[in-house]
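Encoded as structure tokens, the structure appears first; notes follow it.
Should a chain be cited, it is by its letter among A, B, C and D, assigned in written order, with residues numbered from 1 in that chain.
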Amino acid sequence: MPRYDFASDNTAPATPEAMAALIAANSGFAAGYGSDAISARAADLVRAMLDADAEVRFVASGTAANAICLAALCRPFESVLAHEHAHVCTDEAGAPGLFGHGLGLTPLPGASGKIDPDSLSASLAVPDISHRQPVAALSLTNATEYGTVYSTAELRALIAPVRARGYGVHLDGARLANATAAGFDLTEIRTLGVDLLVVGGTKAGMPPTEAVVIFERALARRFDARLKQGGQLPSKGRFFAAPFIGMLEHGAFVRHATHANAMAKRLAALSPFRVTHPVQSNAGFVEMDEGRLAALHAAGWFAYRFLDNSVRFMCSWATTESAVDELGEALHRISG
Amino acid sequence: MPRYDFASDNTAPATPEAMAALIAANSGFAAGYGSDAISARAADLVRAMLDADAEVRFVASGTAANAICLAALCRPFESVLAHEHAHVCTDEAGAPGLFGHGLGLTPLPGASGKIDPDSLSASLAVPDISHRQPVAALSLTNATEYGTVYSTAELRALIAPVRARGYGVHLDGARLANATAAGFDLTEIRTLGVDLLVVGGTKAGMPPTEAVVIFERALARRFDARLKQGGQLPSKGRFFAAPFIGMLEHGAFVRHATHANAMAKRLAALSPFRVTHPVQSNAGFVEMDEGRLAALHAAGWFAYRFLDNSVRFMCSWATTESAVDELGEALHRISG
Amino acid sequence: MPRYDFASDNTAPATPEAMAALIAANSGFAAGYGSDAISARAADLVRAMLDADAEVRFVASGTAANAICLAALCRPFESVLAHEHAHVCTDEAGAPGLFGHGLGLTPLPGASGKIDPDSLSASLAVPDISHRQPVAALSLTNATEYGTVYSTAELRALIAPVRARGYGVHLDGARLANATAAGFDLTEIRTLGVDLLVVGGTKAGMPPTEAVVIFERALARRFDARLKQGGQLPSKGRFFAAPFIGMLEHGAFVRHATHANAMAKRLAALSPFRVTHPVQSNAGFVEMDEGRLAALHAAGWFAYRFLDNSVRFMCSWATTESAVDELGEALHRISG
Amino acid sequence: MPRYDFASDNTAPATPEAMAALIAANSGFAAGYGSDAISARAADLVRAMLDADAEVRFVASGTAANAICLAALCRPFESVLAHEHAHVCTDEAGAPGLFGHGLGLTPLPGASGKIDPDSLSASLAVPDISHRQPVAALSLTNATEYGTVYSTAELRALIAPVRARGYGVHLDGARLANATAAGFDLTEIRTLGVDLLVVGGTKAGMPPTEAVVIFERALARRFDARLKQGGQLPSKGRFFAAPFIGMLEHGAFVRHATHANAMAKRLAALSPFRVTHPVQSNAGFVEMDEGRLAALHAAGWFAYRFLDNSVRFMCSWATTESAVDELGEALHRISG
């Protein structure tokens, strides 16, 4: 049986804290569609974490959450700037186009998953042409697909020219926990000019759930109808809210991410293969040829070749030191 | 604090069997996106229940599941026949139109939620006109929104002329458990000519989950890409599959629905208000004026006025006899 | 060969004035996509006709023009109020849903094609529910599908409560020329609170063209990109603009419509069948059974049975008195 | 007043032959929506030109025609292979995504507008992944955006592996006349495995019109409803059909294109700037820096910098030898 420990951070089970909260929430009757007390409590905890007076919704899918946010910021004949390897561009099967009715994605380059500021400026400087889809929003990801972490200063620099033009900003926080564990200050987000944020629960060690945070209140109008039409207004809302209670009440969200990040650093330290991106959160990328990747697979370890041709190893709250060491040994065996 | 016991069957918590399976599934690492052993096991159990060799997927949202099925059966310039009060027509915020890119819904009348066969025939007899959206599919619901249950003979009669024209058929089984508990034979579905079935988990007492069953294999091609684009290919698939294991392994699915149906009958029997629809599954509808509904709300009981102007009381696996009796007393108090 | 004189007002050829302008415009090279001098001149004439400082675009399709306008006023999870027999509801093959990504249409009743104010009020009073598509706009048609003509007072009364809620207003003027010829004052539109108007060229006797008038300037931003994505930003824009010059420069627009309206009145006056709607513009509707309609068709006259079960006869600029009289005689022959 | 002679081939007026046919068609009443005798006659002529028994429709917009064809070949969660600089990828404001509900475009490289066969093979070899939009169709353009012309052998080589996988093929023939004039044999198209073809009328010198040719009859079912929903089923269909009669009856279609192609060659021959792409049809591309382009604009000549950074000059049926020579002199003046 192959080992999926490092295939992704979504192959891990849910944390004890998240599960305990889920089980606790499963008691008695509750109002539907997010209007229950558990959803309210979880929203309060998200607001407290962000130190922001924002609307919060809990949904089942990060892909849908991102796509719905982009649809809220960008009309179909406009486009969203995003890193060329951002999840919205490469791994959502065109969800932004479906939810956004054909909205465009303008991919931007940048080392290790971070958008190159010059390419952003160049895109913003392109004059509106009716034959192309002009820019209407920026989508950012923190931590990035390559495990690097934007500083607030870096985000501020990317966002400023976008907001100066009146465009919207989306932040995909599928791995926001890992960014936070790496030093990113969540309470700064409200000062950055982010309109819509998706806080990842799933990859942070929860049962499937994501929090959509609406900083820009004008976007909150009829947002539940927007979610309902997109299949993301769960009737039994408490099941998507409760895990956030378990993870946020006593710091498990960041604590587990800190562990995941440490495991990635441990793996990088013992990798015999060249590490291709700075290890700042829970991902390790290495240079590996096809033969060696096949040998790794044959040895029972599942790992993906990523968009930049590196091989990716993801760590999670559930990654153990011994698993890292076992993988390290396997890497050494095949590296010869 | 108001009581939501009868507001809907999705206000109930999840059953012990479903939760136990969920907890059991939360162990070790697992492959993502439905390719894990738990999803395979749950799919086997669904197939066994239906005695059918069909593809099965587990998704988070019934609204999305229905809309995605309709989009698979009907092109944007075509339309779907459905009961005028079917969930897809009235309670999904236009999800079929979003997922189906503007596909049309042609509402059909019929007593107590069942499509009137003559109105179906009349719709099928309308000649194709390029200015209208011609019919391409039929959407059925069992149990219906009014708690009535189609017999296989009734479904066969509705489906036959539809299939004779080569059109597709979708069955919304949000309350299929209740239909089954009322005598509907699940193993007959594969003989009816249903292309796509949604088996409700949520209303049957599970944490949020629905099973999409693909009887028509030609529709299965790239269905996972279809789901992914729609935000319904969960990375941690086991959380949506496991509850089905708990509910199907030892008959809890039907056993709980049998209880829910019995509670609805009990409520109807002691209602001082006229019951407006045959009580065949877990819903009771009564005639009640605005003043009395307000009094009921004031007494702390939440209930909705439905599309036909009746007031609806839904029972679930968690509805207790004593709750029914308490509600019955409240109804008597306000009926005077 | 059957006669299409009365089948619709789009079976007529283009007027001499429109054709002369088209031919005159076909000279030399011109900038594309509506940026040419002829488009500018035609836009000026439309503005003058409406006595309004509005943006004007010329497009090929009324169906697309209406759908694009609704998409500009209503998000996919919202809906548009319209008469149940309005063209957008019944004769555009779901174009509003395609261009509007699943936006809803809420059909309203009303005698002879005019929206019943009470039904409008009732729809506006429905509280927002996330499971339904809440109202975001009103679509009006003048002259209506039944040839009746709203007065400005009637429109004002329908629009006022809509605007009071901040919702948008679209006016389908496919037969605005006929309404004008019937006394509707075009210079009042700018005072009514209409955001987007489509001025019909095709049914008014032009080669295919429609003018989209943007009264609400906030909607004009990137409207050309909206049109381009919808296939309605013609490269050779002058061909869609020029006919308006021919028709508006010297009053042919209203003069021809006045004739068409007179022909409808003449036809109604000599009809042996009961006239079912007030003849206020260029349409005559009569009560006729199936046998007699078949006899009419057999006699070589094409006419449609309409949505209210009446049989419709449309007059146009090209309808001659003798044709009306011939049809009148045919009607008498079959009415016996 | 700037000169638009070379800005595009859509800045030219319509040819005498097309206009004469339009004027001739403008007589008497005619059935609507393409069911008239003129549309039938024009369709026959298109079929004769292609020597193919195909369905033909006449529409107003090439952008819409292309997008509707792609939507017919590719589901929203799939993608279309196309040259990275194809009109569908770069100049239609996202129309394929709007009409195709978020369908993907997979851009392929290739010199001078022709798809590189190796990149096509590589794209076809990518395994289906549910997170990406798998390929479902190929879109080709002849003549290409760079004025080069595919031979039938080249097209056959590109199409064969696509059809071998059961995928669809669209041919954008906005400049098919120019390809034909360059030696491309139109009667070979039916042997190539093209499902849907758009024959450009507008750029060939007609008033706005395009012919959609449906080779694959299975796609013809309800195609008129598809067109109607997309705003491309013109009520006065004869206006879009007639120009094809004028252009096809006596060879004007190819004759005018032959002239346009010759003008491009003449221009290339006298260009003091390096010509950047083979001049095979009616386009000339040259290398020119910003300063010189500005000087050209200042001298009153409109020309675009294209996607490959060349400056483009388009010729048309209306381009005169003297205009070419005047432009040549202007180019020499600024080239110093």
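Quick note on the criterion: a contact is a pair of C-beta atoms (placed from the backbone, for glycine too) under 8 Å apart; a residue touches a chain by one contact, two chains touch by 3 or more.
Given the structure is predicted, the values throughout are model-derived calculations rather than measurements.
Weigh B-D against A-B on C-beta contact pairs and write down the one with more.
Answer by contact count: A-B.
For subunit D, which other chain has the most distant CA centre?
B
Return the distance between the CA-based centres of subunit A and subunit D, expressed in whole Å.
Centre-to-centre distance between subunit A and subunit D: 42 Å.
Please tell me the distance, in whole Å, between the geometric centres of subunit B and subunit D computed from their C-alpha atoms.
Spacing between the chain centres: roughly 48 Å.
When the centre of a chain is set as the mean of its C-alpha atoms, what distance in Å lies between subunit A and subunit B?
32
Hey, what residues on subunit C touch two or more of the other chains?
Residues 76-77, 92-95, 98-99, 101-102, 130-133, 225, 228-229, 233.
Can you tell me which positions in subunit A touch subunit C when the two form their complex?
Subunit A residues touching subunit C: 33, 75-78, 101-102, 128, 130-134, 222, 224-229, 233.
Quick one: in the complex, what on subunit A touches subunit D?
Those in contact with subunit D are residues 76-77, 79, 90-104, 130-133.
Please name which positions on subunit D make contact with subunit C in the complex.
Within the complex, subunit D touches subunit C at residues 2-5, 7-8, 10-14, 19, 22-23, 26-32, 60-65, 67, 92-95, 98-99, 202, 207-208, 225, 228-236, 239-240, 302, 318.
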